[in-house]
C-alpha cells in the first residue's frame, strides 16, 4: 500500500468525471462545484481511495500518471494529443537511454513524454525559438521530476542542430521540410525522423524533402481515437471526437545510391 | 557511422516496398522477385545504405527497429497492431523499471514491446496457458535480445496472479472480466489495468466487472490508423485500412468507498 | 434567373458562416450580430445574390434546399443526421412513387426527406406514439409543401402496422426488434427494412430478431463524415466531428426455408 | 405476393454471402461452388423465397434493388461507392423531376442512380469523352429500364455544357476546377454543384476555383462507412474497410457582390 503524504501530487477524479490535479497541503480545503474535501482527510489514505465531499459526492484520490500531468500543463501552444503521443513513442523506438532531438518545445507535452521514456539513461535535446516556451517547459519538467533528462535549447532546427548520432529527431514545427537536411546529419545510421503537422500542404512538402534527402520507409498516417460509453444495455460510441490533430510523417535515415561511395568518411 | 557486420540482422526495404528481415551471412546470396543481392556486398556499408540488386532494383539495408522485429514474428495468434501498441505503452505508463503482468503471451508481440520499454531495470511477467506460445515467445525474445527481461509463465490470469505491487496488468485474453479481481490484487496503488478485446460483448463484461471491483477512470477506446499516400499532385489516403482490431479498455486501481476503512492492512 | 419574391423562404449564409432561414416580408429588417439587412432590398434579386449588411458584412441570399429546411426544424427529439439520411434514402431504394412506413416520426426530419423523395406519386405513413410529434411534423411538412404526401398516424409499430405491400419500413424507435415481425408483414416481397439505433445492444437485439424472422442480407453499418477545411496552403480536416449518431441496420424481406410451401397464399 | 417469372432478374444471395445477379430462364441450371439450382424451380416462388441447392446450401432469391444492379455493372472505370452515392443524392437535392448534368459517365453507376431518382419526370445529361463509356452506360441503363431518362453525350464539361437552368451539376472528372465556370452558367439560381475527387490536390484546386467564381456554402467532406458483424456474444466491426474513395466537394451557385448589378439580364 502506498499512502498519500503531504506534498504529494494527487488527481481527484470526481463523481461527474471532472479532474483536479493538486498538491496535498495540510490545513487546506479543496472546493469544487461538487462540494469540498479537507486535504487533511486525504493524507494517509492509499492512492486510489474513494472519499466523499461534504455534499456526498464520491471522488477518487488517484496517483497522477505522467499523462495526467502533461494534459494538465498550461496550453501555451497546441499540444500533442495522447492518440498521437503513443504512436510517436512507438515508431520512434524511443526508450530508456535514447538520445532524442525535439523541436519545437511548445507546451512541453511531447518533451515531457520523451523525457519520461528516455530516463534515466538517455537525454532529450529540445529546441524552441521562443524563450517563454523553454521557461515554461523547464518549470513543468521540474514539477514532474524529469528536468534533469532534458536539455532545453533556444534554437531553430531549420537553422542547425548541434547534436549528432541521435536516435530520433521529432519535428513539431511550422516548416519541417526545412529541417530535414539538418535532421539527417544529426541522426545516427538507422535513426528515425518523426514530423507532426496539422496541414496536408506541410505534409507534402516534408515528404518530398525526405525523398530528396534519401530517407527510406517514408510514411504518413493519421490516427483517430474514438471513445465508447460502455454500460450494459446502453453501450455506444461517444457523440463527439477529435477529427484531426496532426498528420504524422515518419522516415528512416538512409543514404542515396551514390552517397556512401562518394563520402570518404563512410569507410568502415 | 555504424557499419553492417556479419551476424547483424538487417531489414531490406525493396524498391517496391517489400520488407525482408534477415541475418547477414558471408557467402550468402539473398534472392527475391526483384533480383538478388550478395550479402558480402552489404557488409561494411553503413546502415541505411542503398544497394542495387543484379536486376537494378534499388534497396535500402535498414537497421531493424523493434517494431520491425515484432511485426516479423510468426503470427501464431492474432497480434496486437502498432496503432494499439503505442496507445497501450502510453496509457499504461510502462517505461524503464516498470513491473508489468501480461497475459496471454500469444505471439509475443506485446510481450516484446513491453520488454523493450521496461528494460533494463524492469520486468515483464507474461502468462499463457499454451506451452507452445511460451516457447515461441522465448525464442523471439532471445532473437531480439530481450529474453532476460521477461518471465514467461504457464498460467491463467483468471485463476491467479503470483505477482503483487505491479505497475500495470495488461490483459489480452478471451474472458478478461474473470481476471479483474486478480488484477486488482496484483496492482500497486495507482496501478493501471489495460484490456484488449475484439468484441463489444467482452468489453461490456469487462467494464462492468471493473465497476464492480471499484476501479476508477474506466474508459474504452478504439483507435483507427489511416495511411496517406503522399506525392505532390497525387496525395490521398490509402484505399484500405484496418477498420477494427481490438477495443482498448483502461482503468486505474481504486478502492470502493468503504474498502479502505474495512481493511486493517490499509493503515498507513 | 429566378428572383426572390415576397413570401419566399430564403437562407441567409453570413460572412462568418451563420445560417438564417427566414421568410421574406416587405418592410421587415433582419437583424444579426453581423449587422442588418432590409428585406425589401432582397426582393427582386436572383437567388444566390450577395448583399451587404449595414456594417459591410457580405451575405448570400440562398434558395433553401430541403436539407436546409429539415436541419432548421425544431429539434424536439434527436434528429437523423445528413450522413445517415443519404444512406437511408440510398439503401431503402425510396424514390418517386414509393410507399414507405416510418416510425417514430420524431422531429420529422427523416419523414420530410422521405416525403421529398416519394413525391409526387408515393406516400409516407409515419407513426408516432406522441401526439405532439405528429402535430409538429404536420406543421413542418406544411411549411415545406410536402404535407400531402405524408399520412401522420398515432400508433406504435411494435403493436401493429396498418399498411401492406409497402416498399420500405424505416424504424427509428427504442425497441425496433419488437417491430420486426410487423414490418415483415407490411413489406412487399423484395421490400427493405432499415432500422436506426444509437446503442449496440439495440442493434444486437434487432439483428437477432431479423434472423429469427428470416430476413436476408442483414447488415449493420455506421457512417462517419469528416469535414475538410480547404484553403490553399492551409488544408486540413476540421478539428471535431460527430463520432456517433446511430448504427444503421438494413435487411430485405425474405422467407424461411419452409415458409413459402406452408402458406397457401403463396401460390402464384 | 410477387412471384418470380421467366425473364425476371433475380439476385441469389448464397449461404456464404456470395451474390449472383442473373436472368431467370426456363431450362437453365445455375452452377456455383455451393451447388446448383434449376431455375425452373425458382419460377413461381415469391421474391425473397429461400431455396436449397443440390448440395443443401440455402440461398435467397431476392429481388434486385437498383443498388444491386449498379454494383454489378462492369467496372470499366473507378465507380462511385454506396457511402458516397447516398450523400451525393442527398446534398444535390436530386429527386423526381430534377434536371442534372453529370460527367464523366464512367462506369455509369452514378448516372444510373441519378436516373433512378429523377425518373419519371426529370432528366440526366451525362457527358463523357470516351465513346465506349457512353456505349456501356447505354447498355446498363437499358438493362435496368432507365435508359429513357438519360441523355448520353460525347463531350467534356471543361469545354462546354449545353444545358442551362439545371438543378445540379455532378463532376467526377480529373480536372473539375476547369469545369466550374461552365457549371455556374449551366446551373439555375439555387442550383448545386457536387464534385468527386480522389486526391487532395484536386480538391484544393476545385475549391479555390469555386471561390473565384463566387459559389457559396463551399464544403468538402469525406465519408467513412464501417460494417459491423453482429451476432450475440461476438459483435465487432469488420476487420477491413475502405479508408478512402473520394472527397466530396459541394457548393451552391451564387453571385459575386457586383455581379448582379453589372448584368442587365438579372433584371427581375
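Order of writing sets the chain letters: A, B, C and D. Residues in each chain are counted from 1.
In this section, contacts are C-beta pairs under 8 Å (C-beta built on N, C-alpha and C of every residue); 3 or more make two chains touch, one makes a residue touch a chain.
As the structure is a prediction and not an experimental result, all values here were calculated from the model.
Trainee: Using CA atoms for the superposition, what rotation angle relates subunit A to subunit D, in steps of 5 degrees?
Mentor: So the angle, rounded to a multiple of 5, is 180 degrees.
Trainee: With residue numbers as the basis of comparison, which of the pairs A-C, B-D or C-D duplicates the interface of A-B in over half of its contact pairs?
Mentor: Comparing each option in A-C, B-D or C-D with A-B, the repeat is C-D.
Trainee: Please compute the C-alpha centroid of subunit B, do the same for subunit D, then give the distance between them in whole Å.
Mentor: That gives a centre separation of 43 Å.
Trainee: Using mean CA coordinates as chain centres, what's the subunit C-subunit D distance in Å?
Mentor: Taking the mean C-alpha position of each chain, the two centres sit 20 Å apart.
Trainee: Please list all residues of subunit B that touch 2 or more other chains.
Mentor: 200, 222, 226-227, 232, 235
Trainee: Spell out the part of subunit C that touches subunit A in their complex, as residue ranges.
Mentor: So the residues of subunit C touching subunit A come out as 198-201, 222, 226-227, 232-245.
Trainee: Give every residue of subunit D touching subunit C within the complex, in rising order.
Mentor: Contacts found on subunit D: 1-3, 13, 44-50, 52, 58, 60, 62-63, 65-67, 82-83, 85-91, 93, 95-96, 113, 116-117, 119-121, 188-190, 192, 200, 203-204, 207-208, 214, 216-228, 230-232, 235, 247, 249, 252-257, 259-260, 265-266, 268.
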